[in-house]
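Presented sequentially are two complexes of subunit A, the first with subunit B as partner and the second with subunit C.
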Partner chain A sequence: MTLAVAAFWAVAAVLLASSLAVILTPNLFHSVLFLALALAATACVFLMLESPLLFGVQLLLYGLGAVVFAVFAIMLTERLVGQRITQASRWIVNGLIVGAGVAAAVLGFLAGRPAPPAAAPPADAVAGVARALTGPFALPFELLAVLLVAALLGAVYFARAEE
Partner chain B sequence: MGGVGEERRSLPPTSNDPVGLNAYLILAALVFSVGLAGVLTRRNAIGILLGIELMLNAVNINLAAFSRFGGDLTGVVFALFTIAITVAEMGVGLALVIAIFRARRTVEADRLDLLKG
Partner chain C sequence: MTLPPIAQTAVAAFVLLNVVIGLVTYVTLLERKFAARMQSRIGPYYVGPHGLLQPIADALKLMMKEDVVPSSADRWVYNLAPIAFLVPCVLIFATLPFAPGLGLADLNIGVLFFLAVSSLEIVGLFMGGWGSNNKYAMLSAMRGVNQIISYDLPFVFAALVPVVLAGSLQLSAIVTAQQGLWFAAYPVIGQLGFIAYLVATLAAENRVPFDILEAESELVAGFRVEYSGMKFALIQLGEYAHIIATSYLGALLFLGGWLGPGPAWLGAGWFTLKAMLVFLLLTWVRWSFVRIRVDQILAISWKLMLPATVLLLLVTAFWVAWRSGGGA
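Moving on to the complex of A and B:
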């Protein structure tokens, strides 16, 4: 039991540290690598939440797909400009103040409320999700397919080579 | 339309969760704030997109945590939708960044002021 608590806080520390590194490293490429670490740590959080399905989806779609997207974009813009994009941030103090304010507001909201009693975790999560996606959520699921096709076409259109 | 795990709500609450709901919510709030600060401070459009990704990631933690501690699978379904939509958004966003770079030779957000009056 204490091992699980220690594991949670270790993963949380990794997640927070890598998130901070994402927004603070001057080199954008390192920033993407730290984002991959943060997404992998989030996948571990999903595993602790007894949701192996989300763990797999997170690693495959987010941790690999989105990171590959970002690396491609950096490589393309970097190659075209001929020099490495080092990215200083601006207004760091203002950004940190706003971020800390939002965090304080949410934490203050949480502090005044006791956690509700935990229900039993869903027994067969994967089968339940499959039933939900083909039952009550069938229409949004199909719309998601349409959205993905539209996004694919849009991305190809925007990034096409000029004639 | 009831929740997906509705029939399981009648079970007595078992708290075999070592950490508790609030720890996950606090973690998600902190990650969300970090992402927000990144969106506000990054100069590069790709960096801003990375900050947005962190924020959406924090939302997914919340959805999964509520799903786990509420005993209702709807949160997991919504998290799946969020992940798919975010990846599509990243694809279109980065394609836009590349198109903007071709036209303006920069991806610095402060210098993309074509619509400024």
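Moving on to the complex of A and C:
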């Protein structure tokens, strides 16, 4: 148990440090790399909560997808090689205030509650998720797909409009 | 005396890591010998009997080489890239069951873990390409990201065909489901899935005919052009570990994993034999075809592979649902 706790704190420290680094490093490319680290650390948190499904999905979708598309965004908007890409952290004080407010709200919400009993993780979460997605949540799931297709078509339209 | 579980896992992981490194080292010799035979050459011959010690000589040579860091490189990114590249490539072995009960972690999402972690190598690749601050490396890294996005989807869909047939994401369960019939022998669906898996693997591993990312004649060596010595060795190691792991996964998904005649302890041997067969298939293609253009690569992915694999997966799903009596 103590080992698990130590591992959690180690991952939490990495997560916090890399998240801060994302907004504090001046170099946009480094910031993307720290974002990848932060997302991977989040995936590790899921793994330690005995939810390997979320771990896999997190890595596949966010760890990879987000980083790849962020890299593309940098490369398509800036010169290809050689130029230093900088980011300016404007409104950092406002961000700090909002962040502190959210953290205080979450802590205040948690402080007044008794700790929930440690629930045993379901034996086969994968099948459960699959049943939920094809059963009761089929309609929202399909609507999400429609929304994504609409976003994709919109992106294609805007990309072509300038030609 | 028995060790606590965590220590047992650590020891097992250490052993597996060394086995993987040894295997990868010798697979390079296998590939060189195989390529040589295909071209009526002999291949490595002088170091040891039949060149058997060549990989060791290569490793020693790489360790003794000078480590050069380009003066304008982004030092941290450049130095960390080989590690970021190697770690996911080795990590994917953790979930492979080599025989019943012989594996580090038989996760119930084994296939998903494999796909998710193995695709992370692109981060290391891009770090290397960008950190080197070299136009060739940068272009190669851009091509790499482009290609891996394009071929990740067909790869995932092809790998999902056996998953649907077996009804489980767990790798050991997929092997058990092939007890009667290997999925590669499954009528029509199995063969198409296997071919799609092989093509997507070639592309995901950046092997000829999809190797525009390291195209020697135009990009010198691609994203690793500035690397030398052990850092170069780490990248090579990662690349080969990745392709070996993908060969193992292919053998597991389509060729029945550890299943084979003989006693159960032969399982790991059968599995390795099948994985090497998949690897040699990939190598065969590599040494027989020419490189194709970038637009052709993208067209094949988006206009052929992606629709075809999605269709195949849908057909498989309908077939499985129909056979199990409709409406599960």
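We adopt the following convention: the second predicted complex is superposed on the first by the 156 of 163 C-alpha atoms of A that agree within 3 Å, B and C clash if a C-alpha of one lies under 4 Å from a C-alpha of the other, contacts with A are read in each partner's own complex, and residues count from 1 in each chain.
The working rule: a contact is a pair of C-beta atoms (placed from the backbone, for glycine too) under 8 Å apart; a residue touches a chain by one contact, two chains touch by 3 or more.
Being a predicted model, the structure only gives us computed values, none of them experimental.
**Q** Answer with first, second, both or neither: which of subunit B and subunit C does A:L64 touch in the superposed model?
**A** A:L64 contacts subunit C only, not subunit B.
**Q** Contact-wise, after the overlay, does A:L53 reach subunit B, subunit C, both or neither (first, second, both, neither)?
**A** both
**Q** Tell me which partner A:A36 touches in the superposition: subunit B (first), subunit C (second), both or neither.
**A** second
**Q** With both complexes overlaid on chain A, does A:C44 touch subunit B (first), subunit C (second), both or neither?
**A** After superposing on A, A:C44 lies clear of both subunit B and subunit C.
**Q** State whether A:L133 touches subunit B only (first), subunit C only (second), both chains, or neither.
**A** The first partner, subunit B, only.
**Q** Any idea whether subunit B or subunit C touches more of subunit A?
**A** Result: the larger residue contact count on subunit A belongs to B.
**Q** Let me check the overlay on chain A: which residues of subunit A are in contact with subunit B and also with subunit C?
**A** Correct list for subunit A: 53, 57, 72, 80-81, 125.
**Q** Given the complex with subunit A, which residues does subunit C contribute to the contact?
**A** Those residues of subunit C that touch subunit A are 6, 74, 76-77, 107-109, 112-113, 115-117, 119-120, 122-123, 126-127, 130, 133-135, 138-139, 142, 145, 148-149, 152, 169.
**Q** Enumerate the contact residues on subunit A facing subunit B in the complex.
**A** It comes out as residues 1-2, 4-5, 8, 12, 15-16, 19-20, 22-23, 28, 31-32, 35, 38-39, 42, 45-46, 48-51, 53-54, 57-58, 61-62, 65-66, 69-70, 72-74, 76-77, 80-81, 85, 87-92, 94-96, 98-100, 102-103, 106-107, 110, 115-123, 125, 128-129, 131-133, 136-137, 140, 144, 147-148, 151-152, 154-159, 162.
**Q** So in the complex, which bits of subunit A are touching subunit C?
**A** Touch residues, subunit A against subunit C: 3, 29-30, 33, 36, 40, 52-53, 55-57, 59-60, 63-64, 67-68, 71-72, 75, 80-82, 124-126.
**Q** So in the complex, the part of subunit B that touches subunit A is made up of which residues?
**A** The touching residues are 1, 4-5, 8-9, 11-15, 17-27, 29-38, 40-44, 46-47, 49-51, 53-54, 57, 60-61, 64-65, 67-74, 76-77, 79-81, 83-92, 94-99, 101-102, 105, 107, 110.
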